[in-house]
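Two complexes follow with chain A in common, the first pairing it with chain B and the second with chain C.
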Partner chain A sequence: MEILITILSGVLVTAATYLILSKDLLRVILGSAILSHAVHLLLMVMGGLKKGTVPLLGEKPNTYTDAIPQALILTAIVISFAVTAVFLVMAYRMYQETGVSRHALLRGNKNE
Partner chain B sequence: MNNVIVFPMVLPLLTGIILVFFRKHIQLQRWMSIGVMAFVAGISLYILNLIQTKGILRLDFGGWEPPFGILFVADSFSALLVLTASIVTAICLLYAFFSIDRAREEMFFYPFVLLMVAGVNGSFLTGDIFNLFVCFEVMLLASYILISLGGTKIQLKESVIYVAVNVLSSWFFLVAVAYLYGTVGTLNMAHLSQRIAESGQTPILTVISILFLIVFGLKAGLLLYFWLPGSYSAPPTAVAALFGALLTKVGIYSMFRMFSLIFYHEPQVTHTLIGIMAGLTLIGGSLGAVAYRDIRLIVSYNVIIGAGFILVGLAVSTPAAIEGSIFYLVHDMISKALLFLLAGTMIALTGHAKMERMSGLIRNYPVLGWLFFIVMLSLAGIPPLSGFLGKVLVSQGAIESGSYILLAISLISSLFVLYSLLRIFKQCFWGETTISEDEEVPLGKGMLIPAVLLAAASIGLGLGSELLAGYVRDAAVTLTNPNVYIEGVLVQDE
Partner chain C sequence: MITMNLVIMIPFLAAVLIPILIKRKSPIHIGWPVFLVPAALFVILARYIPSIANGETYLNTMKWIPSFDIDFTTYFDGLSLIFGLLITGIGSLVILYSIYYLSSEESLQHFYIYLLLFMGSMLGVVFSDNLMVLYVFWELTSISSFLLIAFWFHRKRSRYGAQKAMLITVSGGLAMLTSFIMIYLMTGTMSIREIIAVVDIDHPLFIPALVLLLVGAFTKSAQFPFHIWLPDAMEAPTPVSAYLHSATMVKAGIYLVARFTPIFGGGELWFWLVTGVGIVTLFWGSFTAVRQTDLKALLAYSTISQLGLIMSLLGIGSISMHMGSSMEAVVFTQATFAGLFHLINHSTFKGALFMVVGIIDHEIGTRDIRRLGGLMSFMPVSFTIAMIGSFSMAGLPPFNGFLSKEMFFTAVLNISQLDFFALGTWGVLIPVIAWIASIFTFVYSMIIVFKTFLGTSRLETGDRKVHEAPVGMLISPGILAALVLAVFFFPNIVGDYLLRPAMAGIFPSLADKVELSQHISIWHGFNTEILMTIGVIAFGSLLYKYMRRWKGVFTLFPASWSFDALYNNMLLRLESGSSGFTRFYMTGVLRDYLLYIYLFFILAVGGSLFMTGAFSIDPIHQAPVRLYEWVIILVMMVAGIAVPFVKTRVTAILLNGVLGYGMAALFVTFRAPDLALTQIVVETVTTALFLLCFFFLPKWESGRAKAAPRMKTINLLISISVGAIFVMTALSVQSGKLFNTISGFFEKADELTGGKNIVNAILGDFRAFDTMLEVVVLFIAGIGVFTLTKLKLGKGGKNVEDQ
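So, the complex of A and B:
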């Protein structure tokens, strides 16, 4: 199971890298969102996907799944959500201000 | 009680939150923000002295014993950096009073500066690697806002690049944390160091350490500095000075922690790599510093040279070199802030950023000119000033360990620093005066006082380095002997 999820997160990283290297700013932001999905999956895999119940003490089973990676992912999700929101607004402002959404067009001194 | 070590992070955080509610009360915002930073500077001086008598301080949040809970650890190194950061922030805020326009001030400028400093101080003090990530994000999110606040075209363009690069480096940070947790199974720095020492640094751990090197290289401008010159020349002067003084230094601090506390078993791989990267950074930064004619870009490339120089000390890693790096780090925070403030003032007075558009400023603004002269000598490492001792100690360490190439590159880079700044000084301050008496823009006291304070700090640091030497030596002892840190954290004292 770990191998499958690792491959999946690898595919996500590939797609994200491709998107981030493209010319359009919106694609870059999408790429960064996919990148964060990949790393959240990776964090989960690294904690181990051994069978066990949800980490709730009321369940009273023999084993629980590791609770730390879940806490880490929860934190990372909130952070990446905030950063993506800021990034999107920034892209929107840049589009309003300059009229282009392709950051590659903003090279040179003309816009300084 | 050790509770005092939480204040450098919590006080700016709380004040920042409170000030959000007083948006239109600019005077209140100004005095509260500068007051709290001065207070934090006082507290961190107290912490620094407390460490000298009581050893490494530790604060377990919620009473959870070290490997299980998050904790703050204050050793001399982090306390010294917190102290310097607080002083520099207070002075930059003073500069911001007189230079930031009202629209920006009303748009939560002061709260965001305080939140950024909270992230910086938190990163210096934390003893947990995921908490370090969170503090980095606190600092970065505030810096995203500060770099784009005002929304001019150039700011928006540079902030988009800045955010994209930092999202990527934060991603690498998370990947590295995931791998590290998967391999070692802990997140506490001291416990990590202990477990790695027990099992030996296996190849996979060396790979993870290189991943951390990429992360902090992106943050600190070590070789991966392509984003830095543009981003640091876009925001207003006070913000650029804060960035130049604080943000890259947090990356450098983390690199010191990582490679002296946790990944110190394979120096022939990791430290050699840091050495190569530092050497290339110095070369690239030197070339950039002499290539451009835009003052802001020259100053930004000097930040890169500074980062490269400090990490030469880490690459060499003898006690003398580490001590030199710490001296140089403290000096660099102060004099880079001063350099940014002076460059920003020059641009504000003349309205141009290009060197050839200004000339003979020394006649109109003599104090400004001599301040620039002082910071130039200080950065080049001329003896009575603050940059000298750090450079001597790093060079001594490099000679002891036989890394002559690094020694040569770092000393030649000092010449490039001197040349690039001397070029600004000669072109802009000497020559024929182009501004006539009645066209002269008055240089307010408010813009001059912060620069004078920083210059005084730089001279004081150079003349009074004996006062600081005890703290720096203690910091270097902790950095070169990981066991001191581990015992300070993991041995239960209650």
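So, the complex of A and C:
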């Protein structure tokens, strides 16, 4: 299962890289969102999968699954959500100000 | 007792005081109090002459950075004494001259501050015993001379000359610093005296240190092919040219070579580099000087040539170290003796010549030889001084240049007799080139006197009325000219009191065993040397007389082939090349930069994975995959692959949503309920946000926005490689478990924190700091979103940004 999940996250990285290399700003943002999915999956796999039960102490099993990666991913999800939100609003504002949605056309001030 | 450390510091302290003096607006010219500084220092140094002549040396240390072996140590011996006397003596005369030369409208305080800075750093160079302190003062001379050359900074030529001198001498200074560091690595000490004792000539760093040190010395002393900065530095005021570019700074390289002869001398490389470069410089400088039409440029090339002469003599002198302490060796130390003697002579007559040229420039307004002539009857005193200086430079009796030129011929004739260091083959060239160079020296010396002062006046009527310079301006060149004569008639005073102790500094191993001094005789009988001098005069006169006929020779060296053109082209190429290179890769397109980053990732991570052979898969410890997990994974894979290829953006968002909810489903199977919850909520909000944004943004431009197929292929290749390397790295890491997880500790969450949810206990108790900052991130993002949507600058705001 670990190998399978790793390959899945590799497929997501490939798709994200391809999107980030494209010309449209929204594709880039989409790519960054997909990239964060891939990273979260990788974090999960690195802790090992399905070694025990849910990390809640009420149950009394032999082993729990590793709780540290879960805490890390939780933090990462929130942060990447915040960043994605700011990206989206920036793209929206940029389009409002410049009328351009393709970042390759953004060339700074003319008099620079 | 006044130490040399204090002597070095006095000019710096005086430089600090000048602005205060200027503020008080005293009626006296600011140059007079400044004049007292070098004059006093000269007296102080002169009082050491008897004790130094008795073989005493003075060592003084002030702590600076003891932990790095860097102390402000001064060592005062015969060699430093000569230079110290030149710096302070000619410094006083130059300041005296400048008082009359510069009008009070110039910004005099800058002039004298720079000049005092230069004087102090030059004294620091010749008195320092510590390599690093020597380097500090060396660079200070470069900086202060840069400031002095560009004294009239509103002129373009001045700025060009200053920049050129700065670039060349500072590059040489950096080479010298490298050499100093190598010397420190070789010997473990920074003190020059101690290095002489412990240096190991078989050390692998010995040769690089030697070459780099000579690069430093050659750039500073304007040796071939680094001589090009000196003629352009002639844009400086004439007192500066007289002081820096004839008597002191250009001799710093000579000092360096003389000072390091006991360390590096004796080998073939040292001999050929110093003598060879010196001889070539001697010839090239004298040959090029003849074609100059500007008097100061002529003097600049003549300085280059004379410096080459001194340099070659130092190289010949180093041969004696190769021979040990035999009687034969002493013969070659006489070359160094002659070099030092000529050093003193050159400072006297070249200083006088520069000052005379300054007077001509000052009184007539031009230095162009083609416009000058017939000044003798108007300026008899200047003419006399110029004649004394030029004849001495040409090597005629009864002037001091005659004595040192004879000794130079003796040295080159001696060297051609030897048969080691490949001298048997090439040695005979040295006296021949030296002799030819002397002929050209004779020719340009005659040009200075006769083209300027004799013949008919070619001045136009509009020019200023010609008259003799004020007495004050004539004092300094007069004193120097008197010295030229005095040294000729009493050369042995100089020899016994100044040169003999200096020789002990250059040849410490020989000094105890044999007498290094030499009796300088004005008339030494009929021998080859005197015949050579007669030949120089005869051929020189012929060449001068028929100059018009052979001047065409110089057109064989077109301006576009000169070293100046090479230097200018190099600078231009360097600038255009680097800006072209920057423009080539800094395209301003985001995709290109991302491409560099991804390529670097592929090369660095993929390369190291490949090179170290770290890739491995561990298929044994795998958790089993159930059917519904297969379904989730496959769905996510298909969605992930499809996102880049879908035609409309709504499909792309929905596929991203599929990915997000797939993640949540996976978190459920991984036994991570908190993650699953968060993921569902966040994915929902994100998808909503995406949809909201798409409402405002234009549709994907499918028609003309299509990337070129080649670009698409590259993107695809890069993405696949990135993904593959990512997978390979991740698999390799997973297969190599080094030690167990520390999660066992957190399973005590209940007794430590009172919580039963381990993940929440980690977030809220064990590692709450992360959570706090994550909240801050959310908070900042919220403020950012709010500001971006609400704060809209109108046209006024745009103007602010444009400014």
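The working rule: the second predicted complex is superposed on the first by the 106 of 112 C-alpha atoms of A that agree within 3 Å, B and C clash if a C-alpha of one lies under 4 Å from a C-alpha of the other, contacts with A are read in each partner's own complex, and residues count from 1 in each chain.
In this text, a contact is a pair of C-beta atoms (placed from the backbone, for glycine too) under 8 Å apart; a residue touches a chain by one contact, two chains touch by 3 or more.
Bear in mind the structure is a predicted one, so any value in this text is a computation, not a measurement.
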Touching partner for A:86 - first (chain B), second (chain C), both, neither: both
Chain A residues touched by each partner, larger count belonging to chain B or chain C: C
Which of chain B and chain C A:98 touches, first, second, both or neither: first
Contacts of A:35 with chain B and chain C, given as first, second, both or neither: first
Partner chain(s) touched by A:52 [first = chain B, second = chain C, both, neither]: second
Shared chain A surface residues [contacts with chain B and with chain C]: 20, 28, 42, 45-48, 68, 75, 79, 82-83, 86, 90-91, 93, 103, 111
Touch list for chain C against partner chain A, complex: 588-591, 594-595, 598, 617, 619, 621-625, 629, 633, 636-637, 640-641, 643-644, 649, 652-653, 656, 659-660, 663, 666-667, 669-675, 678-679, 682, 685-686, 689-690, 692-694, 696-698, 700-701, 705, 707, 715-716, 718-720, 722-724, 726-727, 730-731, 733-734, 741-743, 746-747, 749-750, 756-759, 762-763, 767, 770-771, 774, 777-778, 780-782, 784-785, 788-789, 801-802
Chain A contact footprint on chain B (complex, rising order): 130, 134, 137, 140-141, 144-145, 148, 151, 153-154, 156-157, 159-161, 163-164, 167-168, 170-171, 174-175, 177-179, 181-182, 187
Sites on chain A touched by chain B in the complex: 20, 25, 28, 32, 35-36, 39, 42-43, 45-48, 68-69, 72, 75-76, 79-80, 82-83, 86-87, 90-91, 93-94, 97-98, 103, 106, 111-112
Of all residues in chain A, those that touch chain C in their complex: 1-15, 17-24, 26-28, 30, 33-34, 37-38, 40-42, 44-58, 64-68, 70-71, 73-75, 77-79, 81-86, 88-93, 95-96, 101-104, 107-109, 111
